[in-house]
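Labels run A, B, C, D, E, F, G, H, I, J, K, L, M and N following the written order; every chain starts at residue 1.
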């Protein structure tokens, strides 16, 4: 197991693990937010617009943490400085 | 265990693990959202349209995190830069 | 333990593990959704049709994450590019 | 430990583990659904038919994830492509 | 540790583990269902027949996942294709 | 550590582990069922007979999963095909 | 570490582990049942006899799973077929 | 590490572990039972005698699982058949 | 690492572990009991004597499981038969 | 495995792990906050402005812990003092 | 690693671990008891004396399990019979 | 693996792990606090100022534990006395 | 790795681990107590003095378990009998 | 790996781990306390001063356990007696 194999191996492992682990919390958090939005609309149909708008801003905020993970995961696969170093 | 075996092994492991772990939270989150939608429809049948529309937008948002994982998983199986490197 | 044994081993492990782990959350999520549907029907028998329709769309959405896992699992067993490589 | 022993070993392990782990969530999910059905019948005896029908559709849907696992488990025992390869 | 010992060992381990792990969820799920049936009977004594019938159908459905595990466990002990192969 | 020691060791381990793990869920499930039966009797003393009968059927159903484990455990100790093979 | 040491070691380990693990769930289940019995007596003092009788039947049922474990534990210590075999 | 050291070691480990693990559930179960008894007495001071009697029977039943563990633990320390064998 | 070091090591480990693990559940169980006693006194000041007496009996019963562990722990430190054997 | 491989490996592992683990809590915390904001708007539509403002300040505060992790993760990938040292 | 190092090492480890683990449950249990005392005083200011007295007796009882651990921990550091043996 | 690699490796690991683990609790704690603040504002709009002020003091207090971790993490990366020592 | 390194290593590990683990429960327990005190003051402002006094006595009692851990931790760092022995 | 590397390694590991683990509970405990303070102020605006004062005393008490950990962590980095010993 030389450096190429080693660096390649951990890059693959972390690329998958980062997005897998990193998508758990956003999905659950968004599920809670959507759940509550549906409940609020059922209680206050007249405020559906305000609720939708707040919901979408919140979902974008939560989604951002999933995107941080996706960015790191893509960097590890296609723009990995350590891989560039050991390969070439 | 040379580099081919090593890279192939971890690619297989992560391809499966990523989608397996990554599908836990979306399924649970969607389950909560659908659960609440059914409850809200039972409480406010007149708002069924608004509730359905908000539900589908929310489900798409949650589903996106599962799709991130599916994309990474497919990349590892069929467009893996590290595998291309060590094989060829 | 040469490459054939190694790749075969992890393919078997991941094929089983992916579907086993990947079926946990959908089953639980669907259980919640069905549970709520039954409760809603008991509360609002007149809306049984709307509830059933929303339930089936939601179940299909949740089931999709289980099917992602099943697809990856079948690919690992019968269309595994790494196995093709090391065997032939 | 040659390849025959190795492939056989992991096939046995995964055949058992897949169905064991894969039966946890469906059993719990079905338990919840049956629980709620009983509760709903007690509340709305007049809707027993609609409730039963929705319950059975839901149970079939949940049971499907257990059957995915059972299929993979049986394939690993009796139609295992990797075993066929290394044995013969 | 030759192949006979290896295959025998994992067969024993998985035979026990499969039924042990696989009996957890059905027992708990059935416990919930029975619990609710008792509660429903106390609330609606007049519907005892409908409740009992739904309960027994549900218990059979849940018990089926335990039986899947028991079948795999028995196959591993008494009809194990891998054992037949390495022994004879 | 030859095959006799190996097969004996895992047989002992699994015999104990199977019944130990396999008795957790039935005990808890039966505890819930008995708990609810006592509560129902306190609420509806007139239905004590129906409740007791349903309770005993349910307990037998739950106890069956513990007995599956006990059967496998006894088979491993006193009718173990792998032990018969390696000893004799 | 010859076979005598090995078989003796795992017998001791499993004898202790089986009863230790196997006594967790019965103790908790019985605790719940007793708890509910006390609550029911406080609510319905007139039904104390029926409640006590149902409680004792239920406790005996739950205790049976602890006794399964105790039996296996004693067999491993004093009637262990594998120990008899290796000792001679 | 000969057989004397090995058997002695695991005997010590299991003697401590058995009573340590085995005292968790009884203590918690008894805590619940006592808790409920105090609550019931506060609600129904007139039934204090019946409640106390039922409590003590229940505590004895729960305590029995702790005593099973204590018995096994003492046997391992002072009447250990395996130790007698290897010491001579 | 000869037998003296080995037996001494595990004796120390188990002496500490037994009392550490064994004191968790009693402390929590006593905490619950005391908590409920305080609540009951606030509800029924007139029954403070009966409540206190029942509380102290219950605490003694729960404390007994902690004392079992303390006894085993002290035996391992100061009256250890295995240590006596290997030392002298 | 020399120092280049070692330092590179752990840098990749920690870069992924830091952002993956570090995004769990913020996503959940933000989910709770957004959930409550939607609930509050439904209860007090007139205070939607105050609620939104407090929500965004709170989200920024929570997001800051995710950004700490993202900063450390980026430093490990692109400004790693240890890597600079061992490479050259 | 001779016996001095070995015995010293495990003594240090267990001294710390015993008090660390052993202080978890008492702290939580006392927290519950104090919490309830404060609640009871707010409900029944007239019974503050009785509540305080019962609280202090209960705290002393719970604290005793922490002190058991502290005693064992101090014995391991300053009156360790095994250390005395191997050193001198 | 000499001292440079070793010290560098653990410095990287701990720098990431410290901030990753250390940001979990503050994010959750802040989420709870913000959640409650939104709920309180909806209940008492007139006290929005007092609530906001108390919220910000509390958030700062909670944030301080995250900052302790960030400080240690930065010290490990850029002012590490052990690294200075071994590098030279 | 001689005795100096060994004893030093475990002393450092346990010094940190003891206070880290040992501070978990007191912090949570105190959090509960303070939480309840604030709730009680809001309900019974007239009893603020009695509540504060009881709170401070309780906090001191809980804090004592954290201080036990801090004492052991300091002893391990600055008055370690084992270290004195091996250093000379 | 000589003593310098060993002692340095564990010092770094424990410095980070101590503050990371040790900041979990205080952050959560403070979150609870702040949460309750906000709730109490919304219920009793007139007692805001008493509540704030009690809150700050409580927060300081809880923060103290985080500071114990921070002190140990700093001692391990900058005043480590073991490091002083092995370095020189």
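Simple rule for what comes next: a contact is a pair of C-beta atoms (placed from the backbone, for glycine too) under 8 Å apart; a residue touches a chain by one contact, two chains touch by 3 or more.
Chain labels with UniProt names: A, B, C, D, E, F, G, H, I, J, K, L, M, N = ATP synthase subunit c.
Just so it is clear, the structure is predicted and the values come from calculations on it, not from any experiment.
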Copies subunit K and subunit I - interface residue numbers shared by over half, same or different: different
Rotation in the CA alignment of subunit C with subunit M, degrees, nearest 5: 155
Rounded Å distance between subunit D and subunit L, as computed from the means of their C-alpha atoms: 43
Gap in Å, rounded to a whole number, between the CA centres of subunit M and subunit H: 30
Subunit H and subunit N, separation of their C-alpha mean positions in angstrom: 37
Centre-of-Cα separation between subunit M and subunit K, whole angstrom: 11
Contacts with two or more other chains, residues of subunit L listed in rising order: 1-2, 11, 13, 15, 17, 19, 21, 24-26, 28, 30-33, 35-37, 39, 41, 55, 59, 66, 73
Overall pattern in which the protein chains touch one another (line/ring/star/complete/other): ring
Ring path (origin subunit M; first step to subunit N): M, N, L, J, A, B, C, D, E, F, G, H, I, K
List of subunit N residues in touch with subunit M within their complex: 1-3, 6-7, 10-11, 13-15, 17-19, 21-22, 24-26, 28-33, 35-37, 39-41, 43-44, 46-47, 50-51, 54-55, 58-59, 61-62, 64-66, 68-69, 72-73, 75-76, 80-82, 85-86
Complex interface listing, subunit I residues touching subunit K: 1-2, 4-5, 8-9, 11-13, 15-17, 19-21, 23-28, 30-39, 41-42, 45, 48, 52, 55, 59, 63, 66, 70, 73, 77-78, 83, 87
